[in-house]
Amino acid sequence: MYLSFSTIIEILGTVAFTVSGAFSAMQKKLDAFGVLIIGFVTAIGGGTLRDVLIGNTPVSWLRDITVPMIILVTTIITIGFKKHVDNLKITLLVFDALGVGLFTIIGIQKGLAIDLNPAICIALGTITGCFGGVLRDMLLNYIPVLFHKELYAIPCITGGICYIYLRRVADQQIAESVSVVVISTFRILSVRFNWRLPRV
Amino acid sequence: MYLSFSTIIEILGTVAFTVSGAFSAMQKKLDAFGVLIIGFVTAIGGGTLRDVLIGNTPVSWLRDITVPMIILVTTIITIGFKKHVDNLKITLLVFDALGVGLFTIIGIQKGLAIDLNPAICIALGTITGCFGGVLRDMLLNYIPVLFHKELYAIPCITGGICYIYLRRVADQQIAESVSVVVISTFRILSVRFNWRLPRV
Amino acid sequence: MYLSFSTIIEILGTVAFTVSGAFSAMQKKLDAFGVLIIGFVTAIGGGTLRDVLIGNTPVSWLRDITVPMIILVTTIITIGFKKHVDNLKITLLVFDALGVGLFTIIGIQKGLAIDLNPAICIALGTITGCFGGVLRDMLLNYIPVLFHKELYAIPCITGGICYIYLRRVADQQIAESVSVVVISTFRILSVRFNWRLPRV
């Protein structure tokens, strides 16, 4: 039961990130292979960086073909649906916010599993949730939006602190679900109301 | 005998990629150290990324000084020969195509050696063959040509499928050689006739 | 005693690199989180890349929260002091030069500890000393200054050769200190007199 919940988390997050990566790539007029790779890197980049940093190798998408297959199918569907992109803006935002939330909690769990300091685990979770987008922007030759434009990391850190607290006092699935909702909602509100960190 | 064949593969590929990286760096007017590093990253970037992803560390160029020495000597020779670059365009293309083919097959073999799924092995081979060029372009502040301009990955995937099939039905050296020839030829034809993937 | 000397080395280097990264990020008008991440990547990027390449995982800043805490505090102080930046140019240069020197020697020591070839160890040291800056420039969407503008690597290689020699004939702390001074002095002189490598 728990395993399957965790698996659903991963599939949803993977789909969400692939879609957002593929759309960024299409805006830069890449070819079909470029769109696939950017979708792929956006989806698995954060988790791959986390796995490499903690030494969890071969990294997970090498060991299980499910995730690469989901990304491939999602990219093909995304390319097919691209005409409808204007109608999907809200959906995409929700997908993206959900993905950020889900991956952050997975990243925190991987850190806790090897007894890292909880503050470090929150950093690992934030890397898992956000650095797929950083790699996407580096490949597309932008300064990562994470660093100057969009509020991704603060929701992750906030939800991460929730999770670290809740897992001590509540059921595991409740802790996970509440934290994902906190991150996703914070992220969606930050886009809706255009919240930004001050430039310094 | 087999070992030495594999070694020759690696040396040829390393020289080819170093030359192509060094020329890209010289076009951007980097200094001698920059040219060396870009040549180095182009030559070992794909294999290093593969080694890091599968956990094959210390990565191979750290354990054997032969490859770094070949890259150093090749860079010095390339800088010396740069005036003749216009006469070497065809040679460079053949070098590059051969390098892509050779590294792809080496990458697939490393994946098979740790029992990864054959489709994942082809992805690993494509990373080995192509991502030195991606890192080169990232360092030189381009959107990687792999994603929008040049047909590198499709030849790798095609040759990779050949190799996965041929190694089951033919001699190992024949399987390797045929697959490298398939990738190199496909790559050269794609440049000659300016084949591209459609933008989406 | 030796441990504490080595620890002081690491703290000083970390502060120096964080400051230089944070200032680069502020010049690009990033937000507070972006400044923190660029400071962080500049400080730990070289060492992290080295740890990943040699398979020393979880990488060191995941295992000990001291370094991330130093970076966080340094970034906050740097943001607070940013109005005084014009008065700090010389201090920043000395910090940066010291950081490059210190990290290079630490990197060489990590390579020697796993019996890598001394020439490879010097390359590892140079990566440790210089590639935080390369990652910083990649994230800020520049061609790394290391490759065309500033003389970082030659001082590292020179000091690295000193260290490899001195550690065989002199006390460990003397070998370390002299090599760090060689690298830092060479770096400062190269800025003061605008030394550059020829473009090719």
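Note that the chains take the letters A, B and C in the order they are written out, and that residue 1 is the start of every chain.
Please note the rule applied: a contact is a pair of C-beta atoms (placed from the backbone, for glycine too) under 8 Å apart; a residue touches a chain by one contact, two chains touch by 3 or more.
In this text, all values refer to a predicted model and were calculated from it rather than measured experimentally.
Taken as a contact graph, with one node per protein chain and an edge wherever two chains touch, the assembly is complete, since every chain touches every other chain. Counting the residue numbers used at the interface between subunit A and subunit C, under half appear in both copies, so the two copies meet with largely different residues. For this pair, subunit A with subunit C, the centres built from the Cα atoms lie 31 Å apart.
Of all residues in subunit A, those touching 2 or more other chains are 52, 55, 138, 141, listed in ascending order. On the subunit B side of its complex with subunit A, the touching residues are 52-55, 111, 114, 116-117, 119-120, 123-124, 134, 138, 141-144, 146-149, 153-154, 196-200.
In the complex of the two chains, the subunit C residues touching subunit A come out as 25-26, 28-35, 37-38, 48, 52, 55, 57-59, 61-63, 65, 68, 79, 82, 138-141.
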